[in-house]
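Heads up, there are several structures right after this.
Next come two complexes built around chain A: one with chain B, the other with chain C.
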Partner chain A sequence: MPRETAPSLNEKLFFQKALEENLRIDGRAFDQFRALELEFGDEYGVADVRLGKTRIHTHISAQVTAPLPEKPFDGLFTLTTELSPMASPAFEVSRPTPTELLLSRLLEKTIRRSQALDTESLCLLAGQKVWAVRADVHVLSHDGNLVDAASIAVIAALQHFRRPDVSVEGESVVVFGLEEREPVPLSMLHFPLCVTFSFYDLGGGAGEEEGEMRVLIDATSSEEMLRDGGCTVGMNRHGEVCQIAKLGGVPVDAVVLLNCIAVAGQKVREISDFVKGRLESDRKKRDKGGWMEELRAENDRVS
Partner chain B sequence: MPLDTSSYSLALLRLDGRRWNELRRLTAQISTQASADGSSYLEMGNTKVICTVSGPSEQKAAGSDRGERDKAGVRVEISVAGFSGVERKRRGRNDKRINEMATTISSAFQTNLFTNLFPHSTITLSLHLLSSDGSVLAALLNASTLALIDAGIPMKDYICACTAGSTSSYSSNDESADPLLDLNAQEELELPFLTVATLGGSDSVSVLVMETKVQVGRLEGMLAVGVDGCKQVREVLDEVVRERGSRILEGTKL
Partner chain C sequence: MAVSMERFVLPGESLDAEYLPSHPTLPLKLGPGLRHIPPNTITPTVAGQLCSDKRKNAVWVEFNGGRYIPTVGDLVIATINRPSPEFYYASLSDYAPQATLPNLSFEGASRKTRPQLQPGALVYARVSLANKHMDPELECVSSSTGKSDGLGPLNGGMLFTISLGMARRLMLPRPAEQGRVVVLDEFGAAGVSFEIAVGRNGKLWVDSTSLKTTLAIGKAIQETDLKGLNPEEQKKLARKSMKDF
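Then we have the complex of A and B:
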């Protein structure tokens, strides 16, 4: 089984020395994200996120299926993640690594369990026909911080996606093609994003209380390999925490963690604004001649 | 929602009659399995867990999934008994939730144990969940701590875990919401909660897992109550270990 090449002793020491002097290898501030780039495809629901050298492609698709028998009024929403050998030589086909497990679990908890997508709105005929929305997350290049990048990609793609319009008469459902009727966006309840923190204990192991802690945001893959512990916080811009996952690793003072959550809230707001801006400019690009408003079939949400 | 905890505000008593800061009955035994290097049995309320430790033993060439050679690896296997929950459900080998718990426990102990004392070796924890009634991850962590102590593997301090929740469900934005300690399965179903594990009696948080949506302002209270609960758990675990130790000294082993 190929494994990622572990950082050499020199790299380790260099990195640690730099941290002691409050520097990062790539010169960023401790709480600074790498350059975030978000592009949408020609189709609806295709988003391509680049965070430094990490690149994630997400595709949303929808089809009509029968609902689960225990939830007849709910549509289906599935998230699948794929780490192919293309992303990093450490990944193999059909052998899930812990990285993949954590990526899919964290996305699942942040986006699906927190009910970001209103699954009840996907119901067409109770107990018979619902929309099944599927988000495929493909990691094209792995340079650390997959979870944050993937959460941005999925949330942006879900907001960008349009499903075909339908009309329900009695028992019959008619799905209109994209040419026949303007497709409708999905109903989203909130937009949770993840922010991952990496902890570095500079105490040198034996030092009990004196261990100095460094907290980095958006670690690259070499920074991730050297970290002593990590914590992923999923939040939305309204200050609701959807999940926290500090799965083991170096013990961190509770106050530091609360501080991290506050920072996460601020970062999530910044990223949400960025995504919103990109969606808006993409909408303007598509809106040739300004007919979009006229063609729209949905009703405005009254709140 | 399967049931309603809104009666809490009337008498400030929870469904099982506890107050907000009370743990469920926490009992544990140590050295329960003679054949294992270390073992423990732990009950947190109706959640029952057995843990056995084997090792440190020689690392298997093929299964060396933990990279570093100059340290011992910690492998964790969790098996959930079919009769543990209300529904008898078959779980596959790759249930992601269970695997995530296993990675969490492994990663927590990897940093807590002095693994550098056992190069080229593996410590295997095998955990069996016999009955599940909330706070599963916390019970698994506590049982692992006890079993590792029984196996005599040096560690920095106890990892003690418990859960903490908040009485306000997500929708009601009331200010009077109380934090709760040690939730059972019914409460876990409808209230936001987190699992927290700290290192001994300190405030250092080793594991913090939350899977439900909660307002950020609630979190501080929940975390404080959780960390406080961990200190109570530590007292109980310490008592178990000390009792076992004094019995060995008296010469009446077991």
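Then we have the complex of A and C:
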């Protein structure tokens, strides 16, 4: 059975002393994300996010099914997360860890329950046929901060995804292939992202005293192992908070928490702009210059 | 230098006799990564650079593998997991079987004066028993002389993870010439004082007077390892990181 990694005493003490001197082991500022990379696949709805050494692959797919009987006008949207032993030896097949539960739960709360995807627009025939959109989140490599990276991956992939066009005449639904008609993007209401804060209680501050708390964002896995508490804020670029999850850990002052939310808003705006830029450059790459160019029979062959 | 690196080998290929050293008196010594299949076939078991030493009549494969496999005589940095009446249970690498460190295998240790190690403490130890079917055993004292030879608990400092190949390069007798690692020499030449311990299990322990120096040295080694920097780039990196403190 794999044994959970535990940082040694020397690492713990060194980390604590470094925090007291306002240093981070990898040399970042306390409120700095690692290098964020986002790539889209050849297919629509495939996004690959890299946050330092953390890497997440997301694939969106859609198919036509019958709606739930209690919600005949709503399409379906499901989020599935998978943490395989490939991501880290701590994960075992078919034995969900708390990390995995937390990841799927927080994504569900942030993206699905906040109605980021307009499920009513996925309805084709009321009570009979709707689109079922499915987002598969695969964690390829785990080096901390899975929730933030996964939320970026899902939101980017959902914006990148195109579903096949359909025409509804009476009771019959015709689904056109991607070559027959231009596929249509999903209707999104807003783009929520998560920002996770890690709290470190340096002690010493008794009672009302403050300032002995350090708050880091985008913690690596070793920083996550040493933290005294964490808090995940899900919000969109307009500053609307979708969820706050603080599951146990050290008690945090309200002012610190409010400050976290302000920082989260700023980070979400930055990341949203980054995702938007990447989507735009991907669109340009795909755009061959209008229909006439695309329908040309000439080959690009070099003679 | 008697060591020659001749060719790149892949596991399972057959080695011609021309690549193996021959010596009039000494028997041929096979090092890590090679396997003898009787009567007279030698095949590599890993991918890497085939190296041979004519003087010692030895041949081995240099490779940068991911998983540490304990070998007798290796110096390692172990983390103590829990004590027991006879042993400390220590881990050499994550998700691997635990190694045992007998309570009395420290310099001058007796039942009354053995060191008390907390769970999570680091020790610099030598692998004294390594067997495919048994948990490895460690020692912090030379069994022949009774001296510690620098082995024992490591206090303070910081632990960094490096690749096994880098650990091996750092532990060569002359790392600058043989392993092309000059970054530590560069720090030393500038008058930075630090203490360092390299474990063959891919661990590097660094301690110095200030946190910034410790971090800078650890990160310089990690960066050299990760990006495969050549000596010139290592010197530049060392000078750049010394500006910070």
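Note that the second predicted complex is superposed on the first by the 279 of 303 C-alpha atoms of A that agree within 3 Å, B and C clash if a C-alpha of one lies under 4 Å from a C-alpha of the other, contacts with A are read in each partner's own complex, and residues count from 1 in each chain.
Here is the rule we go by: contacts are C-beta pairs under 8 Å (C-beta built on N, C-alpha and C of every residue); 3 or more make two chains touch, one makes a residue touch a chain.
Everything quoted here is computed from the prediction, not taken from an experiment.
*Asks:* Touching A:69, do we find chain B (first), chain C (second), both, or neither?
*Replies:* After superposing on A, A:69 lies clear of both chain B and chain C.
*Asks:* One more residue to check, A:113. First (chain B), second (chain C), both or neither?
*Replies:* A:113 sits against chain B, while chain C stays out of touch.
*Asks:* Applying the document's definition of touching, compare chain B and chain C: which contacts more of chain A?
*Replies:* Comparing chain B with chain C, the partner touching more chain A residues is B.
*Asks:* Applying the touch criterion given at the start, work out whether A:105 contacts chain B, chain C, both or neither, answering first, second, both or neither.
*Replies:* first
*Asks:* One more residue to check, A:255. First (chain B), second (chain C), both or neither?
*Replies:* first
*Asks:* Is A:170 in contact with chain B, with chain C, with both, or with neither (first, second, both, neither)?
*Replies:* Neither partner.
*Asks:* With both complexes overlaid on chain A, does A:290 touch chain B (first), chain C (second), both or neither?
*Replies:* neither
*Asks:* Once the shared chain is lined up, is A:6 touching chain B (first), chain C (second), both, or neither of them?
*Replies:* both
*Asks:* Touching chain B and also chain C: which chain A residues?
*Replies:* Residues common to the chain A contacts of chain C and of chain B are 3, 6, listed in rising order.
*Asks:* Can you check the complex and tell me which residues of chain A touch chain B?
*Replies:* Contacts found on chain A: 3, 6, 96, 98, 101-102, 104-105, 108-109, 113-115, 228-229, 231, 235, 239-255, 257-258, 261-262, 265.
*Asks:* In the complex, go through chain C and note every residue touching chain A.
*Replies:* Checking each residue of chain C against chain A gives 79, 81, 91, 94-96, 98, 118-122, 154-159, 205, 211-212, 214-215, 219.
*Asks:* Which positions of chain B touch chain A when the two form their complex?
*Replies:* 67-68, 94, 96-97, 99-100, 103-112, 170, 194, 198-199, 202-217, 219-220, 223-224, 227
*Asks:* Using the touch definition up top, name the residues of chain A that touch chain C in the complex.
*Replies:* Interface residues on chain A, with respect to chain C: 2-3, 5-14, 17-18, 21, 23, 25-27, 89-90.
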